[in-house]
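Note that the chains take the letters A, B and C in the order they are written out, and that residue 1 is the start of every chain.
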Amino acid sequence: MAIQSEFSTPQSMKRRWRNFKESFIHLLLLVCAGSSVLVTFGVIYTLVSEAMPFFLEVPIKNFLFDTEWTPLFENPQYGIMNLISGTLLTTVIALIIAIPLGTVAAVFLSEYCSNQVREFFKPLLELLAAVPTVVYGYFALLFVTPILQKIIPSLESFNALSAGIVMGIMIIPYVSSLSEDSMRAVPLYLREGSLAMGASKLQTSFKVIVPAAFSGIASAYVLGISRALGETMVVAIAAGLQARLSLNPLQSTQTLTAYIVQVSMGDLPQGSIGYRTIYVSGLVLLLFTLSFNLIGQSIRARMEKKYK
Amino acid sequence: MVKKAEVINLNFSYTDKKVLNSVSLPIYENRITALIGPSGCGKTTLLRCFNRMHDLYGSVKYDGQINLFPDQLNILSKEIDPIEVRMKIGMVFQKPNPFPKSIYENIAYGLRVRGVKKKSFIDEKIEDSLKKAGLWKEVEDRLHTSATALSGGQQQRLCIARALATEPDILLLDEPTSALDPISTAHIEELVTELKNAVTIVMVTHNLHQAARTADFTSFMYLGKMIEFGESSQIFTNPKEQKTENYITGRFG
Amino acid sequence: MSTEPIRHRNFKAQAERLKRQDAFFWFIGLLTLGFALITLLSLIVDMAMTGWPRITQTFFLSFPSRLPERAGIFSAWVGSLCVVLVTSLVAIPLGIASGIYLEEYAKKNIWTKVIELNILNLAGIPSITYGLMALGFFVYKMHLGQSILTAGMTLGLLVLPIIIVTTREAIRTIPSHIREASYSLGATKWQTIRNHILPYSSGGIMTGVVIALSRAIGETAPLITVGALTFIAFLPSSVMDPYTVLPIQMFNWVSRPQEEFHVNAAAAGLVLLTMTLFLNGTAIYIRYLFRKKYKW
């Protein structure tokens, strides 16, 4: 039984079949990978096309400057700023929690603790991101709010504060994990260079490692921001349904996402103005998050070029 | 002496960098040919032309011929399928690279991709090639344990056995001992000298002593050019070119 | 003015200060992690304490009801299972195939760049916008209705980037000399992928798949827009049937003013949490097993 075969010509059936099979698989995989682009186009196209008729009916001036957001009322008003302010308010509260805690956790895990301690804490920290958001909503409404009400009696039972705080805890792992990765990628010689000059770990961490890992840390922050902007269930459950142009964290408020949930829970006929408004909110939200994502990617791209 | 292959006017370049410049040399059957030269001289690039490894990566260009005897077929021709070329020409790499599978599966793999299914035949081939590679005694009772548990030298001999199992016309060795300790190196060198009765060998090496000890022919390359080709005894004792002499006497490289 | 050489100074006080700072930060770090973990723990404990009495066999085998103590999660967990099954069928093949393509086939050109950038962005899009897309496209354009199929496909697209990214990372850990070993023996590209790349990266890929499915099980928002109902008193008989899922059921209960329903919500949350924590634990375990198996 001979193992070797003689060389075949390009016309031979065996070789044609093999090439056909290989290129067929190649094509199949390409189609799969390309399909993700279709998903993006699908999302953008659907949101834009379903939202457009809204702008034919409602002047941009009203959309931007109406003082209230009451699209389903008798005399509807369409001031999107009411929803945007609620979104920004909860996002900012979340970031006030997540950015400092996430950064400290990242520095601690990357620079201070031993491998075993890291192996122990890291998966536990990542579990925070694995808990379903609806569970966090329950937690914010029925655990955090009652506790906070003992400290701040004027806190409403639906409020931006506890929703924001819980959201912040939820996104700690998003901030810390990416930050830590980029800190650990900082070459050892930089670390040793600083320590060899007599600097403390703290000085090394914040004056050498953090600046060197800045791009990764910044994109971790950006990821955290877009998570907070798009978070839905926590705010829908715990922050209330009252759209208002206010930055008071003690009151109830409504975000872009919570509005979509509220309207979707009811039965809205396709094509009605109410139906359009959820696409308008979705589109505004998408614009916000996409621009943050793009900012994050460009920061990273620029830094990668610089450090190569 | 019968020619097994012949390189004629081979040019090779990566995107914009010319690496081989009109290289020609003969490869004799059942002999060991060593390619020597300083780093970056193109010897590994040349070696990898023999089994069209470069076809795996984009942005390379080459022209010229490597004719395989007795048919005198140019294996660099577009008409020829690189996969069939690799089925005829085996390769062993710098770093031992066994698959993280059993010893048995490592050697059987080459046969399996050639469509061999008969177990008795595969078993026979495995024993045969492990014996040729001088590894049989050490592993015969643990063929189904993981190959990655072997020592570095054993792994490299396993890689040689893996290549031999497919009965290649030519065996390419790319600095096969550079990642090994001196004892394993001696083992492999001994093995290579024994193997030439069974297979034609082309070997890239950094180690001049290795080339002098094992190779029948040596070709010295410098900056992508073939400077000198000849019997090893002549190259190492009485080189014709000044550059060769400088290199083998350690004046550069 | 003559300056005293710096080496004549006594650095002891400064060194002590730096040491104290380091110790202080060590403490702050532990405090931070402790805070995060205590939050997680109190969430679990609070939910367990409230919901545990409701965790009985009847709870798992009853349909939703207007009476809190008779309401259960039968249709919800069956629905979750069906939806996740559809999600797996969409996301696993598509995600793994895309990952393989990008790592093993894609040339470095503009199209590859577009696909990569696109996947990054997809991963950053809020989940509710997937729901809006699904409502406009799957429900109204393709007339798939508010069905298990729609829900499964929506979540499938949502978790697709997770599977793609983890597949790529898993494949990237395989050193190129393993590929070259396979090619040098005469294997074709697909043989190399099937016989080597896929088996050696399967641990990482499985980890990603499990994490993606755990995410899909807990996802609520996009299913609200595609009309997951909360009052489903029957089991689905086909993928075109209406459905409910566990998180939606929980959302419904937590949004009610009566406290008895909050107990149900806690019980449902406990089930949900157990499932996701179990899946995540599995993922960590798989990763550990395979890290031991393949050391490059």
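Throughout what follows, contacts are C-beta pairs under 8 Å (C-beta built on N, C-alpha and C of every residue); 3 or more make two chains touch, one makes a residue touch a chain.
Just so it is clear, the structure is predicted and the values come from calculations on it, not from any experiment.
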Core chain by centroid distance, with centroids computed from Cα atoms only: C
Chain pair, A-C or B-C, that carries the greater number of C-beta contacts: A-C
Chain whose Cα centroid lies at the greatest distance from that of chain A: B
Chain centre separation in whole Å, for chain B relative to chain A (CA means): 52
Chain A-chain C separation of Cα centroids, rounded to whole Å: 13
Geometric centre distance via CA averages, chain C-chain B, whole Å: 47
Contacts with two or more other chains, residues of chain B listed in rising order: 83-84, 87, 114, 166
Where chain C touches two or more other chains, by residue: 188
Shared-contact residues (touching 2 or more other chains) in chain A: 18
Contact set on chain C toward chain A in their complex: 11, 15, 18-19, 21-22, 25-26, 28-30, 32-33, 35-37, 39-40, 42-43, 46-47, 50, 93-94, 97-98, 100-102, 105-106, 114-115, 117-122, 124-133, 135-137, 140, 157, 160-161, 164, 188-190, 211, 214-215, 217-221, 224-225, 227, 247, 250-251, 254-255, 262, 265-266, 269, 272-273, 276-277, 280, 284
Residues of chain A defined as touching chain C within the complex: 18, 21-22, 25-26, 28-30, 32-37, 39-40, 42-43, 46-47, 49-50, 101, 104-105, 107-109, 112-113, 121, 123-128, 130-139, 141-143, 169, 172, 198-203, 205, 223, 226, 229-233, 236-237, 257, 260-261, 264-265, 270, 278-279, 282, 285-286, 289-290, 292-294, 296-297
Residue ranges of chain C touching chain B (in the complex, touch as defined): 107-108, 175, 177-188, 191, 195-196, 200, 293-295
In the complex, chain B residues that touch chain C: 51, 53, 56, 58, 83-84, 86-87, 90-91, 93, 95, 97-100, 109-110, 113-114, 148, 159, 162-163, 166
Touch list for chain B against partner chain A, complex: 73, 75, 79-81, 83-85, 87-88, 111, 114, 116, 118, 121, 166-167, 169
